[in-house]
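Below are two complexes that have chain A in common, paired first with chain B and then with chain C.
== the complex of A and B ==
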């Protein structure tokens, strides 16, 4: 199978997945008790005003008709208007998505680097004290939720040590670089504003580390396990037999095949950030899409819920494709098998 | 291209990661302190930052929560102002009179008031603002519903409000009618809106902009993060020396974040949604004080009087008497015992009523008089509390435990606010007991609370009592008559009569009078409302007016 066919097939599947998710969420959001119009206007708003808003939102129509209105709007690039922010949902998404993507990017770097290093060390020194320490750390890291880590980080680095900022994306005294991508790290580099770059990076460290913690340790455990398995393989014994130094075996021949399960786990963890980082975003007052989505759910902001779910679904689908490509790149059996059509 | 050909250079990947990490480490290490500390700001920033539950709404026709009320009070002007003791003073309106025959208030406006964009405020702007709010119907519009019949401008500086009938507290309600710049709003409407020639009435534009003439103007509104506003240099009342040059409302109430910011002096005032434990920790920080604003807010158990066995007043009174109010006070530090539906801070409060206290003997006596005295054990009473307000669970469990002593079984149910909002709309779906925290007061006198007992509020969380029709009719008549009384003292006397009537009905357990608590940096922020609260002096019951940044003073030499 060539790359184009592979990609087309994945995109085709992804469209079904995203449409399916949108239908399910659209229905669930409307079936949950609570009148979104009443919620938006307040408990004491006159009934006629609430009714008018319900009509504007087509909430007086059957659910399939509501979905038709929503879907035709989405196809025109109109996700409707948020009941909470009163802005078009698409605009809200444009404002909030880059903030979460920025966390995901930095968290991704942390996850990849730390998980590989920790996993490799644990595997190399397997069944020693070092391995034991890393494994215990990994148990804690996996078990402690991100928001707890975030709270601890705030207290340690913000409350006791005062070394890192704990609120928002940029300090109030730093000028915001002109928006190009919405990613402050990138925009500040484009603008050549290194002060803003540094400030944005410092603001990112705690939220990104909090989000990355569990997945990092999970991936480290998987890397260790995979490396330990591969160490027993014949090809490693053969390489030793040829007299290749252990260090070279580990770095050149052992690490690469051992990373295949790690990549899958990390890729999906990164894609999950939109859905799972809302508490961390709340704690750091981070204006991301995860927090926006959670606020939408709590306020029964129907258009916003559907918009965020579609974006999260798309993100997940794209991440899956990327993971497949990276795994194919790492594993020759997949590439060669694909070429042969097996 | 095949998958085999699609390869990422490993060295390239590693080099990229390495580069990013190096930049991260270098930039982090080169900083010995946080950016706010290393900034090249020339002077101390004269800013007051406060946290609040999000979102803040800048459009007066959309918000009525505390955060939005703070924004309105500081970004907009109103016709009149209300002092902490409840007296009304001229503001944009320099004088007014009321014609009882035509039920018309005529206001004479100050001349030369400028909006933030330089336009002059005229009577047409007042008319536009009132009609806009009534048409959109959100925010505080409910206060004016069935009260204002029409609003007309006469010339540049005269506005007439024609009422549907006499309405005593009308002037006080005007603090909820911020004046918008008509020209500016109309220049920014979206034509495809639902309000005919007014398009969307500027709703979208007002999400991120203000159109006011208040002492501060919006600098930046990040709808998912914060509101930042700066002092309006041409404010018609003048600029006060030492008052904050800017304020920022930050959208978080997270305890760890708030505490950290307060400890670093990066936050001047906290929100009022912290737990008792959080406030006690905040108090321990150097220079931080906690202000307890007793402003008429109450924690309440509403009884559904249409459901058995709560349809019997004796059962309701038994529950009132069995409740342990003193233990509830320990749950809410700074709280006060109650004597009825009206909080002690509100004019028209009846100070002669006795405070509620636990009295199990009286509770048993009441139960004996009940028609359910022999069968009370057969009923399971549902007590609902709102998941978003965790403190409600504590008092719900307290009542459950107290009621057990009388043999009354209570089942405590937790649910999201949205669910209860729906359920209380019908008597059969309204739980036996519904827990609610009363925070917002629509106008500063007892009538604002008593108004909730009218049938106009029936089916809302504020009135889910489902009184028998004759009882409801009587309350409607009494409250309607009181609100239509133009003489203030006479009106207050009528409020007292109604309060006694409602206490007699035992429609609720008024658990505790709740203070709204906010921590602030007392060593460098002079906040008159907080100081008044500390001295036990009257404090404005309206949260927006209490948080009027223009009245505050920053002491630069004491600032960090």
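== the complex of A and C ==
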């Protein structure tokens, strides 16, 4: 099986996943008690105005018909209008998604780099003090929820030490670079504005670390154990026995097979990023899609809820395809597809 | 002609650290290999054959393996006292080991070429490490083990090849650069009998062609008889008998060797051969005297308390048993 058909198969699976998610969230959002039209217009609105809005939103139709209207809209790129912001949902998503993506990307980098480094060090110095310290750190990191980490970070770095900014995406005295991608890091680079780049990066550090914390340590533990596992394998003894230097074995022959479970676990943690972001964005006053989605849920803003969840599902599906590709690239046994024997 | 001793293991002990103490696996083991000699090491599973061989290359897991006593002299130098650079030279020029299971001995996520060429690269002096030269040696090594279509094999992953091919690749890794001693750990045992036979024939041919010494580890007495000049019989971490191959089969002395020979099924029939009752001792708390004593029908009180010395019974025949004391 070549890489292209592998990719096609994964994309095909992802479509089903996203459609499934959309059906589930569409139903759940409508089954929850409360009349969205009434909530949007307020207690004071006259009944006939509310009734008109209900008809406009097809809320008087059976749920499968509602889904049909919604789906045909989405396929045309129309996610409907938000009842809270009175803007098209797609517009809201365009405004809020990049802020969250920026956190996710920086968190992803932190997760990958730190988990591999910490895991490898722990494996290399296994059963020593160093391993013990990383182990204890990992237990704390995994056990403490992201929003607590975020609060502590704000207290320590923002309040006591004043070393890192704790609110928003950019300091108020910095000019915002012209919007191209919506990612401030990228936009400021395009504009050649290094001051804004540095400022945006500093703003990202705390929220991204809070989001990345748990997954980083979980992945570090996985890296450690798979590496310790591989160290005892015959191929490592054989490579040493054939005179390949220790350093090269560690950085090449041991690292690559040990990263396979790490990458898989990090892929799963992407779901965590979206989930942790809800609270972290609130705490850091981050204008991201998670905060937007949270408000949508609280005000039963049906179109916004569905839109946000579908976008999140899409992001998750895309990330999973990427993870599958990375794993396939690391592991020929997957790429070559269940060769017999072995 | 005075024969040159290539490898001389003297009183080697290897212990494994485990919860609750040490597994005292290899116990006062001594073994010699002369230049150009083919030596067999025979014993049942778990008797410490592979541990001993890994100790020679210092590739035992350092975190758990402990060598309290013993010397491993290779060409006059003690392997156990070698520094990093000397070890590197020993491994890339002196001794190479062929592992028992070719599937686990090859790294699953690198191509055969990446692995084989790396072995060659670090065996060559730095000024000779050109890509083209390394590649040529790799192709040549695969030709020597009769693998066709070398370019394709170099680009394959182990999972794409058959067990027999993987075993040949493992052998090719051990012969990329001339070595003085090959250690073959039950080559082909994990493969079917016809392939195993081919692998053994290939090994014999390579050893004869290059004049390499070989230690062949096996639990098959038949293989040992065909392939070797001299045989060491190992039981529970010690050598119990050593003799030229023909002598050993004609005139086994140690009760364990006698039992081992009797337990080989014969084609002429007579039902399933008898085994030796009992099993290998617990290494955490091995018997004080002779390690074979609990399974030996001929033992007496002395065997309980004292380790038997290795006795020279003449003609290069040695046995570790009190019964042959004069």
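Here, the second predicted complex is superposed on the first by the 330 of 342 C-alpha atoms of A that agree within 3 Å, B and C clash if a C-alpha of one lies under 4 Å from a C-alpha of the other, contacts with A are read in each partner's own complex, and residues count from 1 in each chain.
The working rule: a contact is a pair of C-beta atoms (placed from the backbone, for glycine too) under 8 Å apart; a residue touches a chain by one contact, two chains touch by 3 or more.
The structure presented is a predicted model; accordingly, all values stated were derived computationally and were not measured.
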{"item": "Combined model on chain A where chain B meets chain C, clash or fit", "value": "fit"}
{"item": "Contacts of A:197 with chain B and chain C, given as first, second, both or neither", "value": "first"}
{"item": "Chain B versus chain C as contact partner of A:242, first or second or both or neither", "value": "second"}
{"item": "Which of chain B and chain C A:163 touches, first, second, both or neither", "value": "first"}
{"item": "Chain B versus chain C as contact partner of A:282, first or second or both or neither", "value": "first"}
{"item": "Partner with the higher number of touched chain A residues, chain C or chain B", "value": "B"}
{"item": "Partner chain(s) touched by A:72 [first = chain B, second = chain C, both, neither]", "value": "neither"}
{"item": "After superposition on chain A, the shortest CA separation from chain B to chain C (Å)", "value": "10"}
{"item": "Set intersection of chain A contacts, chain C complex versus chain B complex", "value": "332, 336, 339"}
{"item": "Chain A to chain B touching residues, read off their complex", "value": "1-4, 6, 32-35, 38-46, 48-49, 52, 56, 84-87, 92, 95-96, 109, 112-113, 151, 154-155, 158-159, 162-169, 171-174, 197-199, 201-202, 205, 282-285, 287-288, 291-292, 295, 298, 300, 325-326, 328-329, 332, 334-336, 338-339"}
{"item": "Of all residues in chain A, those that touch chain C in their complex", "value": "126-127, 231-235, 237-246, 248, 253, 256-257, 260, 330-333, 336, 339, 341-342"}
{"item": "Complex contact set, residues of chain C against chain A", "value": "54, 57, 59, 61, 63, 84, 88-89, 91-93, 96-97, 99, 101, 103-111, 115, 118-119, 122-123, 157, 159-160, 162-163, 170, 173-174"}
{"item": "Chain A contact footprint on chain B (complex, rising order)", "value": "1-8, 17, 20-21, 23-24, 27-28, 30-31, 33-36, 39-41, 45, 47, 54-55, 57, 59, 62, 64, 136-139, 141-142, 145, 194, 203-204, 207, 222-226, 228, 248, 250-252, 254, 256-257, 259-261, 263-264, 266, 388, 416, 418-419, 421-423, 457, 460-462"}
